[in-house]
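Have a look at the structure below, then the notes.
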Amino acid sequence: MRRALALLAAGLLLAAGCAAPSAPAQTGNQGGSQGQAKSSGPVTIVWSSGPLSNLGLRQQLIDMFEQQHPEIRVQLNQLPNSTDTQRNTYVTQISSGSPTPDVYSGDVIWPAQFAAHGLAMPLDRYFPRSVTARLIPGAVQADTFQGKLYAVPWFTDAGFLYYRKDLLQRYDLPVPATWDQLFQEAQTLQQRGAVRYGFVFQGAQYEGLVCDFTEMLAGAGGQVLAPDGKVLLDSPQAVKAAQFLRKLVQSGVAPEAVSTYQEPDSLNVFATGDAAFLRNWPYAWAVLNDPQQSKVVGKVGMAVLPDWPGGTQGPAALGGWNLFINPHSKHVDAAVTFIKFLISPQAQKFIALKGGHLPVLLSAYDDQEVRSANPFFALKPTVVPRPSWTPNYPELSSKLQVALHDILTGQVTPAAGIRQASQEIRQVVGQQ
Amino acid sequence: MTRLRRLARRLAQGVLLAAIVLFILGPIAWMLSASFTRPVDLSSWPPHLLPPVPTWGNYRDAVASQGFGLYLRNSAVVSLLATFLTLLLGALAAYPLARMRLPGRQVILVAVLGLSMFPSLAVLLPLFSLMQRIGWLNSYPALILPYTAFNLPITIWILAVFFRGIPRELEEAAEVDGAGLATVLGRVVLPLAGPGLGTASILVFIADWTEFLFALTFNSQAEMRTLPVGIALFGGQYLLPWGTIFAGAVIAILPPVLLVVLFQRWVVAGLTSGAVKG
Amino acid sequence: MDLRRRAIGWLLLLPAALVMSGVALLPTALTVGQSFYRVTLTPAGFASTWAGLRNYGLLLASDEFRQALAFTLLFTVATVAAELLLGLLLALAIRSTLPGRGLVRTLMLVPWALITVVSAEAWRFIDDGTYGVANAILMGLGLIDHRVAWLSQPGLAVGALMVADVWKTVPFVGLLLLAGLETIPDELHEASRIDGASGWRGFWTITLPLLRPSILLALLYRTIQAFVGLFDLPFVMTGGGPGYATESVAIYAWKQMFQNLRFGEGAAASVFAFLVALALALLYVRLVAPSALGGEEA
């Protein structure tokens, strides 16, 4: 039925195209031939990807790859940096059976959903344990759904604490190891007039808030979801973390506007010199030390995030990006070759040095050049994943975002907010 | 007394207009200023209304970004052709709907309007499938045809309303003189509907020029990309270079503004020639 | 003869009909069809099972959807009313002889010609609670005494979105009404002035009635856009929050389709929005300008 309609439509379209005298002469038909294997010459694969920390890196990686593999050409389809826009594009293209992109980069929280809905190809055959054992285990785990590997980690991301080295020194304060300590030091610095705000983080109603909360929750010793899908959010630990979230705003340690901050907004406040502490990803390091963008060049230190006694030490939300293969790709072998290159020592070292991204290849951290390039390569946080092992994670996250934001802005008490979020999440997870 | 009142009214009018214009132009002025501001000066309290250290850097970055000129050209080709096609088909369709006693034309008008009431997101998937099946992805028609189809409804409505506003006697006089339908349309109706045509062209062109979703999804290859998608590619992961984005947007706004200036001439010309004939 | 004329009429309609049915009607029909199915995306492709009105039932039972519907309606009514009023004032002012009106007329189109996502980002920056210009100006005028995080509280966020939307679309409405004003012959105004009618009376008795068709067009187009197309602005500025305060019907449909991959429910939400928009449109036609559908010639 559907096919018949499509054919009819195609006929109509063509008729319309003929009827309209102004139909453009340049009816490029790249679309038609795209993705079909050519009988001779190099194979071309299409790689769709949002940007890395800077725009040119993807093409440079491709150039390196094509030099090593002249039999494969890689065509880059750039996507905007909005994760939602990227997912939109992939869902549309792949659910329609499009053979391109062959390889695409996607968020660390996608694999379960993409696997369950046939948007990602199972990859165990091409990336056996012997290969994945060389990568960060937490990142590989996040790409595994029901025992099968659906994506290959590319680079990872982790939340860190940025602090004003100069201010801590001047007021003789240690780098905070617990959240309570951070709170007190922030208040002290504010009272002495050193900074306007104590601590800034990502408090807008979006995925970033879930990352920040995941860290506080782990630091308090709690979690949202057990690996078997049981909801564990309804706990004193979660209430404690939520209360702290609210206390930050109520006390003025965090600005009221923190509830609208995404990564760039929180970074701006810190880079302007208006805040003593910042929670952000490693990319912030390069920005904070660039005089074009920052007023605190050379005054910033980095540490693992604080925790509470008895909780996870130095928790860091697992972020990062993966490489997926389109199940309809006509060039799976070439795609696999390309992905293998992207996790090779050469490519991993390249994105660490040139992009400041955390490699997923464990051996990259032993490289002297990498270790000395950025301070965070030497930090050892405890990586905590968001509960993205349920295919309904996007919906779970969206419920959690609303509840956390309501708590942050004082629309609901921490205890009530956590209770309601737990109920909703139970429904979402049970709904499969 | 009356003069005084008239003066007061003019004054009130002027103040009101000034307030509206200020409201409209204020944010534009701010964006313009931000596009000349260095990133490091963009966040400050109190905010800088003028760049403390003016720079062309953002414009350099925007224009030097990969393919900016190409995207500009693609946008121009797609928007101009789509606007022309929309106006042509729209005018042809609006005339019988406005003037001829076609049975069921009310139903047609409502149905046409209904077509424009579907969220474009909701038709994204089936439309993509369609484009893929006929092999039109990454081509100009992949955008021109959808832009035409989705802007035709409002164009037909605008033109039908303006056609109906033309005194019927003029057409009848022409017909009595032995003019065929083509002559009536080309010499009498279209010139007299100048303001309607001008308005519709501007609206359709701007809608095409700023469209993002279809452009992103159907033409994902760099060679076929349009400007709104190109501007969305500025920045890195977690990085939004405001200055560069605003600079790109300022450049992107020049073609439609230029076109409006041209159209205004044309619209005014159409009006006066109509008046002469009338 | 009349038959020939009629045939020509249908022939003139044909090209537009072909393009619209192929590119707009067909995908729309497919989506409408989907709304009656339970559509799941599986590793084997799309799987649809007949579900009757189930998707619509789920929709109406969902608090989130009802909230989205209420917000979108409120937003549409408030912004369209404001835009119509301001647009009319703008059009009248530009129409009357004013120095520099050509420039004003061109410049006022700029917000409309801006890429929506960019203008939404600009407003997010203007309304920023830490460095935003809005706070600086309002504090300078003495209207507020501390920096307000406009997008963090439900009521304020809705207001901020409305301001941004009105800003962007007043020029459009103004232009449409201006085109309508320009088709009203000057002689009519002069005639009324000679008759001694005051400016207001001339406006009520001559200008406004003649402007009806243009007002109808503005109402129709803006209502459709605001009701069905409200997406980028809240998506960029608030992400639909805080809570669900600024989640529009289009965002709800998007979430169902592209975030939760529940295509049937997303389609049903779209159809529902379509029906409401259509009802509003027909109401306008009835109230403002019944002749627009034209059984009887004006």
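Note that the chains take the letters A, B and C in the order they are written out, and that residue 1 is the start of every chain.
To be clear about the criterion, a residue touches a chain if its C-beta (ideal position, glycine included) is under 8 Å from a C-beta of that chain, and two chains touch if they have at least 3 such contacts.
These figures come from a predicted structure and were not determined experimentally.
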Relative to chain C, chain with the most remote C-alpha centre: A
Highest C-beta pair count, chain pair: B-C
Distance from chain B to chain A - Cα centre to Cα centre, in angstrom: 36
Chain B-chain C separation of Cα centroids, rounded to whole Å: 15
Chain B residues counted as touching two or more neighbouring chains: 42-45, 85, 89, 125, 130, 145, 232, 240
Interface hub residues of chain C, defined as touching at least two other chains: 15, 19, 22-23, 26, 30, 130-131, 147, 258
Where chain A touches two or more other chains, by residue: 9, 13, 16, 20, 88, 92, 95, 97, 268-269, 272, 274
Of all residues in chain C, those that touch chain A in their complex: 14-15, 18-19, 21-23, 26, 29-30, 40-46, 128-131, 147, 149, 151-154, 235, 238-244, 255, 258-261
Partner chain C, residues of chain B touching it in the complex: 9, 13-14, 16-17, 20-21, 23-25, 27-28, 30-31, 34, 42-47, 49, 85, 89-90, 92-93, 95-98, 100-102, 105-106, 108-110, 112-123, 125-127, 130, 145-146, 148-150, 152-154, 156-158, 160-162, 164-165, 168, 181, 195-196, 198-199, 202-203, 206, 209-210, 212, 227-228, 231-232, 240, 242, 245-246, 248-249, 252-253, 256-257, 260-261, 264, 267, 271
Residues of chain B touching chain A in the complex: 38-40, 42-45, 65-66, 77, 81, 84-85, 88-89, 124-125, 128-142, 144-145, 216-217, 220-224, 229, 232-233, 235-240
Chain B contact footprint on chain C (complex, rising order): 5-6, 8-10, 12-13, 15-17, 19-20, 22-28, 30-31, 86, 89-90, 93, 96, 98, 102, 104-119, 121-123, 125-126, 130-133, 136, 147, 167, 170-172, 175-176, 179-180, 182-183, 199, 213-214, 216-217, 220-221, 224, 228-229, 231-232, 249-250, 253-254, 257-258, 263, 266-267, 270, 273-274, 277-278, 281-282, 291-295, 297-298
Footprint of chain B on chain A - complex, ascending: 6, 9-10, 13-14, 16-17, 20, 22-24, 26-34, 48, 50-55, 75-82, 85, 88-89, 92-93, 95-98, 263-264, 267-269, 271-272, 274, 281, 283, 287, 291-295, 321
